[in-house]
Every structure is written in C-alpha cells, then in structure tokens.
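Here is the structure we will look at, set down as structure tokens.
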Amino acid sequence: MEALSKTKPSKPFEPAGTGLKEEDLEHHKVLTIAYQPMVKYAWATGVAIGRFLDGLRAGEILGTKCDRCGRIAVPPRIFCEWCFKRSGEWIKLPDTGTVNTFSISYIATDTTRLKTPTIPAVIEIDSAGHAGFLHIIGEAKPEEVRIGMPVKAVWADPEKRKGSITDIRHFKPIR
Amino acid sequence: MLIKKRVAVVGAGMTKFMRRAQETGKELAFEAARQALDSAGMRIQDVDSVALGSAPDAFDGVHMKGEYLLDGAGAWQKPYSRNFVGGGTGVFSAIHGWWHVASGLFDTCLVVAEEKMSSCLPHPQTAFLTIFDNMIERPLGPNLIWIFALEMQRYMQKHKIPKEQIAQVAVKNKRNALDHPSAQIPRAATLQDIMNSEVLAWPVQRLDISPVSDGACAVLLASEDVARKITDSPVWIDGVGWNLDTTYWTNRDLYFPRYVANAARMAYDMAGITNPRKQIDFAEPYDPFDYKELHHMEGLLLCRKGEAPKLTAEGVTERDGKLPICPSGGLLGVGNPIAAAGLMKVCELFWQLRGEAGKRQVAGDPRTAVAQAWGDLMQIGTVVVMHA
Amino acid sequence: MTEYGTIEGDFPVHFRYTAGVAGEKFLREIKDNGRLLATRCNNCQLNYLPPRIYCERCLSKLEEYVQIENTGIVQSYTVCTLDNEGKLLPEPVNVAFIQFPSAHGGLIHRTKGEVCVGDKVRAVFKPKPSRTGSILDIEYFEKLP
Amino acid sequence: MSSLGSQWRCGFLRRVAVVGVGVTPLKPATPEVSYKELIFDAALKAYADAGVNPRRDVESFVCSSEDFYEGTSIFDEYVPDQVGGAQKPVCTISADGIYSLANAYMQILTGLFDVVAVEAHSKASDIVNISPVYDLALDPVYVRPLGLNANFVGGLEMNAFLHSSRANLAHCNMVIEKNRKNALSNPLAMNSTYAAPTRARVLSYPLFMEDVAPLADGAAVVVLAAEDIARNLRDDPVWLAGVGWASDSPNLETHDWDKATYAALAAKQAYRQAKISNPADEIQVAEVDDTYSFKELQHAEALKLASDGRAHQMLEHGLYDFDGGLPVNPSGGSIGMGHTLEMSGLVRVIEVVQQLRGAAGRHQVAGEVEKGVAQAWRGVPTASGAVVVLSR
C-alpha cells in the first residue's frame, strides 16, 4: 500500500457501454442466444394461507387474532409479526370492506394495453382494523371509485370455487 | 456511537445507462469497476474484498447472478458476497461494502452494482409479476405499476396533491440529466408532455416512470488510514441506515414511508445529524417514479409530510435551489438499471462533494449529502450520509 | 388425512442474451472462419479462452485478440446421461474440458466417442452454411491419433 | 445499541459468539407448512435457545436466499415477519448461510450492533424440478447451449480430482457409507435407514446418483452476540474464532477443476483470524460440504485436514470416522442428513456448535472438543464457499 501515489481528483469521464437498438438484435446484427426457462414451482400454502384459501372456497374471509396485541391479521398468519407470538383464534370476518387505495390500470401483466381497465385496490376488511388485501373492483365505473368507498365481495359460484383468491371474483361498490 | 473504522469513498465509476447493452452483465460490471479503480489510482491487487449488489435474477436470466458476475466485478480469488434488498439494493451495496471496512476486517472494499434488464422478454416488466405473493396476489394478474399507482393515489389523496405538482419532479430530473454523460435518453420534457403522456395505471402515466435500463456503477471504499494514502479528498461515509417493513403491505398505510424514516434516523444518528433540513446540503432520494422523490424527501425528514410537492413547486429542489434534489438527473433522467441506479446516487454524492460533478455541480460548496434507495413491496429504505 | 394445498407457478418470461463484446468477436470468428480467438493480457502473460474484455486477475482492459490453434488436450471428461431438465438423454453424451497449449482457460464441449485425460483432440466445425454464431457451431471435438 | 447493554470500546476486534441456534428436522418434503411457517419454527427455537426476544433484543437480521430457489423474484420481500425483523434492519445475502453469518459477524465488529440473527432455509420441495433451476446458473453463451444436466460439471470436477489425487470410486463409497451411518444417530437427519451404496445409476460418469446429496427441506436460525452480552446470556457461548469466504473464477474454463481453491482461500482467511497454523492438530471436529461425495475429500484437503491429494488415505485409515482422530461430518453431512440448498452451511455450523457445547447427544464425538470448523460450497457451477472456525 505504501507504494501508492496519491491521485489528483479525477476528471469527468467518458462512460463505457455499447447501446443497441431493438433492430440490431431482431435482425441479428448482433449475435444473441435465446433461452426459455423451464422452472416450475408448487408452493405449499401451509397452515395459515391453506386455511384462508379453504375459507374462500366456503365463501368466508378468515383472519387470525393475536392474543397479545389484539390485532386481527388478514391475510392470516400463524404468527403476529409485531409481538412475535403464535397467533390465537381464527376469526370469521365479514365479506365487506373499504377501499384503502386503488388504481385504474390500462396495462396487463405483460404490458399489453387493455381496452377496459382493471381496477386493482387494497380492500380493508370490515372489523379487521386497517388490515386487508389486494383485489379487483368490479361492477363499477372507473370514475365512481374512490378511497373510502364501501365494497362487498362478489363470490364465484360455489361449484366453480377452487380454494383461490379468485374465488372472490371481485369487490363491488355498496350503493 | 463508536464505529470500529471510519470509512471513505475514494473512487467511483459508472457505465452509460442504455436500454439495450451489447456488453454482458460481467462486462458492464467490469467497466464500472475499472473506472472506479482508475479514479482512485488503485490496482485490483490492492483491493481486499468485493461487495456486489444486483436486483432479481429474472432480469439478467442467470440463477445465482452474483456468482456469474463476480469476475467482472474484480472478485477473482477474493472475499466476495452479493447483497439483495430489491430496489433498495444499489444504496445498500455501499452499506454492505461499508461494514466490510468499518468492521476492521478489510482495509478496502470494491462495491459494484449491476443490472441487465434487456435480457428479459417480452418485457422486463413481466418479471415483476413474480415479485408478488405467489399464493394470494399473483393469481390476480398484477403488474409492477399497480403498486406504485396504489401508493401514489394514497399519497395524493392524503395530502390533496394535484398531479401537476408531482409531474414537476419528472420535468426537473429529466432536465438535470441533460448534463449527465451516462444519461440514457437525454431529453427534456415539459409539464404538458408528462401530463399528456399515456395513462398506464392511473394516476401513473408513462412519463412519470423512469426507463428500463442496462448499466453498472462502482465505488471504492477504504478505511481512514488507507484512504488518506490514496487521496487528499476522501469523501466520508458518516452514516448508514436500512429498515425493512412487514411484507404485509396491504396491512399498512402507504401514504408515508415509515421504513425510510426509520432508516434515515439510523443514518442521521450515526452521522450526528440532528436537524437534517439544516444540515443536509443536497440529496439524491430514489426516484423511479416522480412521486417517489417527494415521498422520499418526506421519509428522509427533509421536509414535513406533504410538504415536498410545495418545495418542488417553489423551485427549492432545483439544482440551484436551496435544497437541490437529484442533481444527477436521477432515475427519471439518467435511467434505471435497478441496483446500478441506486449506486449511481452514491457516485453522485462522491462527485458533488469532491466538486467534480462538472456541469451538474450544485452551488455553494456542499459538504454533507444523503443518498437513498427504496424497494421490495414498498418496504425497504436504504440510506447513506456522506461528508466531505 | 388432509390433502395439503399447493399453488403452482413459474416465471412467464424468456431470455435473449447478447454474447457480449468479446463473445461477439469469438462467435463470429468461429462462424465466419472456423477459428478460435483469445484475448491477451500482456500484464499477466495470459491468453483468455473464451476471450474476455478484461483480465480476471489484474482487471486490465483487454483489446488484443490472438488466434488459438484448434487442437487441444483433454483435462477432464465425463459421460453425461441426463439433459438440462433431468430427463434421460437418448444416449449418453461425452463431454470434456479441453485446454489449448497457448491459452489460459479452454472450452467445454462434446467429444466424438470416449476420450481420456491427456488425449489430443481437435475442433470439428459444422459446415459453414449451417453455422449460426453459437458455441454449437463447433460440432464436437475429435480425438487425434 | 442493544437493550442488553454492551460495554464495548474501540481498539481491538470484539469477540463474537453464537448464543442461540434453532433448526427444524430435515425432511424430503414439508407440505404441511409454508416456507414462512417453517422459518418461524426455526426462529422460535433459536431465540428460546439464546434467551432473547427478537422484537426487543435482536438489532439486525441477515437472511439467505436465491430467487430461483424460491420461485419468487426479490424474495427478500418475504423474509422479515417470520424472523421477528419487521421494521428493523433486515437484509438478504444471496448465498449460503455461512456468508450471511460472515456478514452478521462484520456488522457486530463495526460496533453498530451487538445482537444479530442469521437465517437460512430450504423449501426444495416447492421446486417441481431442480434441474431447470441449475441450468439457469450455467453460462448462457458458452455452457448452457450444450443442453446437459448441470451435474455434468460435477462429473468433470470429480474426474479431475480422482485423476490428480489418485483416489477412486471406492473412496467415494466410503464417504457415502460413513455419512449415511453417522446420520443414523442424528435426529435431525432426513434418512433414518442405512443402505450401502450400490452405484446402480450413473448421472455423469464418474458421478453416480448416490454421490449427490439428496435435497431436503428445513430452516435454521443462528443468533450472534458481542462478547459481554454473550457471557450474560449463557455460560457456554461458542466463539467465532475466524470467518472466511472466497471465490475462484466463476468461469468454468479458468477455475481449478481438481482443487477447491475457493475453500482453501476461505480457510486461510478463517485460520489466520483464529491463529490456527496446524488445522489437523488443532481442530477436533469438522463439518464440510459434501454436496458430492468427492467434495468431502476435496474440501478436507482445502481445509488442510489432509495434505493435497491425501484425504482419501486419511479416510482409509479411519481418521475421519465418527470415532476417528478427526471426525468429519459426524452429523452425517448433506449426504446423510439431506442437502438444504443455501441452508447447508448453517446446518454444518449448528452441528459444530452442538459438538462444542457437548450437546450433540447420541452423535457427540468422543473427547474434548475445543475447536471445530464448518464449511460451505455453493454448488455447481460456482467456485465459491465459506469457512467458519468455532471455539469454546
């Protein structure tokens, strides 16, 4: 380290990098290697989300309650992350709630454009404090959706439910 | 607080930020690392350890991306590890490097952050589906813009902020970036351009968002005794902070980033900063979306909650204002190769505090500045306070 | 007994990698001329194969390309029975790591028939019209007497 | 600073100890719990063992994961709650748990924190098929196009190692037999029956299916504390005497095929800190990576538990047996216990901690155990690994 000579503050530099256009890649002006990943997963839903999804299949929204702080958690978990204790009893919650925040989305997951917008929202479930989950608002005009709007779950037909978050088709405004 | 070793930044490097780079991720990492070493007059043989930051493997398309990148980052036969805190990774990389040196275990640490998002098709956005909860969110078909839109809506509603005030951030940062040699699309935009751009997920419009990019950045860290041998103008890392909030983002109020505030308090405490509004000369908060800069100014306690849009409207945050914010041009202007964009903010502090920022130099001989990044499910704040 | 629940998923993306600055030169030279290129680090006296734009040891920028003879020596070999998805290959594949006398590094590739450590092998290229600019433009390495 | 109240002052490297460990029994699958619930279980055990409350006493959390092992991008989003880290400094190191341990160690050395928790886990059973995950780790330009199972790299390395060390498949069988037998005494191990290797199915010759440690699920949490706090928490803290981690070239073409150079470099760093000059004499127990059977021998040499090319002879002489002079993988290793991806290193560490505490139960090795070493490798195609020396 002693051999080092102190440097003067450096001058503004020319940054390195070769920017390409999409055509360069598409028309093979530059070589590319294409690859399709084949990775697949089957995640064990476990105790808490397993029971939550079973509840949805039965047309119920379930939460867990912490015996120590009294907080109700939905989506449920087997622990209270604030008290670091095992959760206490399971609570059946109403299928109504309040829009905490929302968006009017014109793009799909793959960034393609949607003609009819999707309205994702965070729904605070009634009697669960401010706890809630992400879902979609339906049966509503984009311009009528607002924060604080009361909503109710619209369930899929019982025979079509599969123990999934999509067993609730969407939440609709309570008018 | 007693820290074992005082740590300085003694060199910095950065590639161009590009929509599509011909360079592999390794090559990008090399270019940034080489430049950081050159700027300090150091050889890789003099570097004791290497810390790397890079965001999801699903961008570069390589499992264990940290392993893949390590030779480009100069880590051959060295102690090397990769940190990962989502979008907060870039600034966190400097913190990761900081504890290598501050611990007394190493005299020097080369910190490299890389992202090559263009490998991911049909669009890097698609990979973001996989950041959502695999059991109860992914089946709803979410995309990344949603969470920003949901947070932005909550923030706007809480403080009754008009969209125009938010768009002003994009105007400022895109203008600032005209002076940055690494800028991806150096192009100014008017308020009207932003407001008229395509609505993606209201209230988010296309020009509210930083572009997708490839790029890399690097900084070289050294302990005080070594730093003084390397340079007459080391820039000190006086404070570091990071804080991760609960994963259950739908159980929190998103209008204020409390985790950023926690991280900022941690860093300020360490740096002995008691009044950030007075003691911070300029800041590089994380600005992947225009409202985020405002959100983060508030999280960094540089103003009151809901006050950031007003300061922006008054010109306080311009490069020649009282509290310049993102003089680099930020992610909105320079580009957003996730981890590299965060470390760019640390590079900018280094250059500004040494008076080497050229046309971007903020006036008034700045001495103390803060860089911050954010990430995960609106969940982590990473903060570095630097001092010349 | 309870049926435990699972939710299935994947990564709905695909990848397109560039070969990089050095990789582009390397693969083009194979495609166009059937020759192997390395980059030279004059500092460390090493010729990197495959080529890199940097020396991994001294991190110098490498810009000098040198040609490497197509004949090398087997350093290790294996006979692989599974494909990249874990399925049984139609027939086992002979693979070797081959070093070249003037190069640092080497190539991992298929060999025609079984080989042993120390065997001399030579790259056999696909016919020029069917080359695409890929490492697979080398069909395999064949054993020399 | 911790609520537990450290009195540390600058001037020398502070000593850091393991004060709590928690690990779930390793299993081929855990369909009854989610990854969060599995980790929560390990965390509860570790904090109970350490006698700390994570919400009050633990100041920082270092977790370990790789996105493609989880099937989730930015997996670090999903780590804080089940370890008690919500709204605290939590970060992820994308590597084996020993790397996370090393980073937690450095965090404490800075003086910033006094108590830090380290987490690692494996939910390998959530991965439908591991081969495509490994495939994604191969170089996309030079190696992946060959379309081969990534274990072929193990085949090449094994052949190079056997060739240069003059060891043979019989020695690899001895490693498999030893580790399977050792695991029989370990209640945490996945396998509870013993079978001699048959070498019925070749994977990538000379690598057979049985040379590869079978994947398992599990979670582990380790709590570290600075010296004064450690002494307050328990009578038998286990000290981190030295920690090292290193990478050889990530390019297969320029990495050492026959030697575990990464492990040798990491060991050198750890031994230097621990002031160990003659590891084979000074260490009483070793837990080394045995992702592949031959790796145990290669790693034993890298850790200087044998001179280069001699590990198989030591093995022949019974030195590494459970009742030998220097037991290697008395836990049963990954071959006996199950391979838990990035958690593997912490399983090794926890075994050494239990041996040093004299709390390993039926698999407690004989004699005084003063110092032990644990080591991890990140698997093919990497040439990276970490080493930790633990002492009483």
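Just so it is clear, A, B, C and D label the chains in written order, and each chain counts residues from 1 on its own.
One rule holds in what follows: a residue touches a chain if its C-beta (ideal position, glycine included) is under 8 Å from a C-beta of that chain, and two chains touch if they have at least 3 such contacts.
If you're wondering where the values come from, they're calculated on a predicted model, not measured in any experiment.
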Decide which interface, A-D or A-B, involves more C-beta pairs in contact, and give its chain pair. A-B
For the pair chain A and chain B, the C-alpha centroid-to-centroid distance in angstrom is 24
Please report how many Å separate the Cα centroid of chain B from that of chain D, as a whole number. 33
Hey, how far is the Cα centre of chain B from the one of chain C, in Å? 36
Residue numbers in chain C touching two or more further chains are 4, 6-21, 23-24, 27, 56, 84-85, 134
Mind pulling the residue numbers of chain B that touch at least two other chains? 21-24, 58, 61, 71, 76, 122, 126-127, 129-130, 134-135, 139, 246, 248
Tell me, which residues of chain D touch at least two other chains? 31-32, 34, 68, 71, 73, 80-81, 86, 128-129, 132-133, 135-136, 140-141, 144-145, 249, 251
For the protein chains shown, what form does their contact graph take: line, ring, star, complete or other? complete
Show me the residue ranges of chain C that touch chain D in the complex, using the header's touch definition. 4, 6, 8-11, 15, 17, 19-20, 23, 27, 48-50, 56, 75-86, 89, 92-93, 95-97, 104-110, 117, 134-136
The residues of chain D that touch chain C in their complex are 31-32, 68, 71, 73, 128-132, 135, 140-152, 155-160, 163, 202-207, 249, 251-254, 257-258
Parts of chain B lying in touch with chain D, wherever the complex brings them together: 1-5, 24, 55-58, 61-71, 75-86, 92, 96, 98-100, 102-105, 127-128, 130-131, 133-135, 240-248, 258-259, 262-263, 266, 270, 375-377, 379-380
Quick one: which bits of chain A touch chain B in the complex? Just the residue numbers, please. 1-2, 4-7, 9-22, 24-25, 30, 35, 37, 41, 43, 45, 49, 52-53, 73-75, 77, 81, 100-111, 118, 120-122, 130-136, 142, 147, 164-166
Complex contact set, residues of chain A against chain C: 18, 20, 25, 28, 30-45, 49-50, 53-54, 109-110, 163-164
